[in-house]
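Data block below; observations after.
By letter and in written order, the chains are A, B, C and D; residue numbering begins at 1 in each of them.
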Amino acid sequence: MVPAKRKPPAVTRRQRASAHATPRNDDTILLEFSMSPLTQGASVGRYVSRSLEIIDQSNLPYRLNPMGTVIEGPWDAVLGVVKSCWERMKEDCDRVSTIVKIDYRKGKTGRLESKIASVEKTLGRKLKT
Amino acid sequence: MVPAKRKPPAVTRRQRASAHATPRNDDTILLEFSMSPLTQGASVGRYVSRSLEIIDQSNLPYRLNPMGTVIEGPWDAVLGVVKSCWERMKEDCDRVSTIVKIDYRKGKTGRLESKIASVEKTLGRKLKT
Amino acid sequence: MVPAKRKPPAVTRRQRASAHATPRNDDTILLEFSMSPLTQGASVGRYVSRSLEIIDQSNLPYRLNPMGTVIEGPWDAVLGVVKSCWERMKEDCDRVSTIVKIDYRKGKTGRLESKIASVEKTLGRKLKT
Amino acid sequence: MVPAKRKPPAVTRRQRASAHATPRNDDTILLEFSMSPLTQGASVGRYVSRSLEIIDQSNLPYRLNPMGTVIEGPWDAVLGVVKSCWERMKEDCDRVSTIVKIDYRKGKTGRLESKIASVEKTLGRKLKT
């Protein structure tokens, strides 16, 4: 997307600050969401499964846990997956409730694994994951 | 679900209500979010104020409360505002935490006011809002 | 709020630090929650109203918004209200979903009003609340 | 807590099912939470590790994921763990932000594993967990 530049000019403080804001790594977020219909009774596994199908086919790295799914990627890609799940669910569910948590940390990727690894390293042992 | 009608009569109040359920309004969501830097210390009011500036200028109906802001509108418009706030905040905050709750109810709009009004009507008195 | 003191005794840095950590104000939290049954269909206002009845009778300061209720008080008192709402709801709802956000800031109270006021002061105008 | 029973009567399938709905199991909730200081900079792993130490020592079943920890147990036990983590964190963090999601389903336990298994069964394959 960013064309290669020949002979880069000297970099001023101001330019460095704005380079700081370049889109490359900045855009990666860690997002957890859970989405449920309020209109289909206590068993909503069937609807959650359809969301997981959409997430799995997005090719974004993800992890399913008992209370939600964590996806890593650029804002638009990840939020696009959440929107697709919502559009599918509202096809036959008249009320849909969604919770989203987003953790952005400048210049960091691979956090699906590294955040847990960091806690385990601090404690010096494996935790239940 | 709605059977086709031949020779549609003039539009009654009831029909107008059902037109309410066309895909156009279906897209309306109620979204609450809060977004904070983890890197700027305990006082984050300055950063929250910048988000409120963006929200206020979006011309979408909204309500600020002590723990977040509720916005009503179509998915793309509302999530676009959240993204704009995030992009502004990450310009000078290296870690940003965001919580989003989305409530979708088919064919309903004006819920910024109607949800509270409904609870007050049920209880037969005004509540603290 | 703090009465003026004549002839204050010498206060060491250590004493000031430990006074800072006294339990009195420390325990105050700002908590927002929303609680819904998944088993009662799209209209849950009746169940939300029962929660508001419990909150209103707790005598804790609170504010209802379109996506939840914000309560201020000590941890045990506020979480006790949330538990009471949950116990009432599970009497006739087989599945109940609850979201809680808690904001703790050392030594601060009256934040139901002051947080919004601070944003409005920064922006120099009233916002929609 | 459960008194020893002498000569237990024959238990029919129906009785076993209704015993399933007694207050004992009713109290089990699935709770996910994440808790972070806003005052310690971008790296909060050290503080999260202290929470995991408390969770791990509670002997309640739990699972750590990249965005939070899911604990299963009775309301008071699980919320007691959350409170302990908060009390530890506020010892040296002046502002602490906490998000809690609670999923209650009458008469169900073992959901740390069964919720994921149910989605995998519906889709007929393993998912990334």
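Just so we're on the same page, contacts are C-beta pairs under 8 Å (C-beta built on N, C-alpha and C of every residue); 3 or more make two chains touch, one makes a residue touch a chain.
Just so it is clear, the structure is predicted and the values come from calculations on it, not from any experiment.
For chain C, the chain with the farthest CA centroid is A. Contact tally for A-D versus A-C: the pair with more C-beta pairs in contact is A-D.
Per-chain Cα centroids separate chain A from chain B by 22 Å. If each chain is reduced to the centroid of its CA atoms, chain B and chain D end up 31 Å from each other.
One simple way to say how far apart two chains are is to compare their mean CA positions; for chain A and chain D this gives 23 Å.
Each chain gets one centre point, the mean of its Cα atoms, and the points for chain A and chain C are 29 Å apart.
Chain contacts: chain B has residues 42, 94-95, 97, 99, 101, 103, 105-106 touching two or more partner chains. The touching residues of chain A, when paired with chain C in their complex, are 36-42, 44, 94-95, 97, 99. On chain A, the positions that touch chain B within their shared complex are 21, 26, 75, 79, 83, 86, 90, 94-106.
On the side of chain A, the complex with chain D involves touching residues 30, 32, 34, 42, 45-46, 48-49, 52-53, 56, 61-68, 70, 99, 101, 103, 105-106, 111-113, 115-116, 118-119, 122-123, 127-129.
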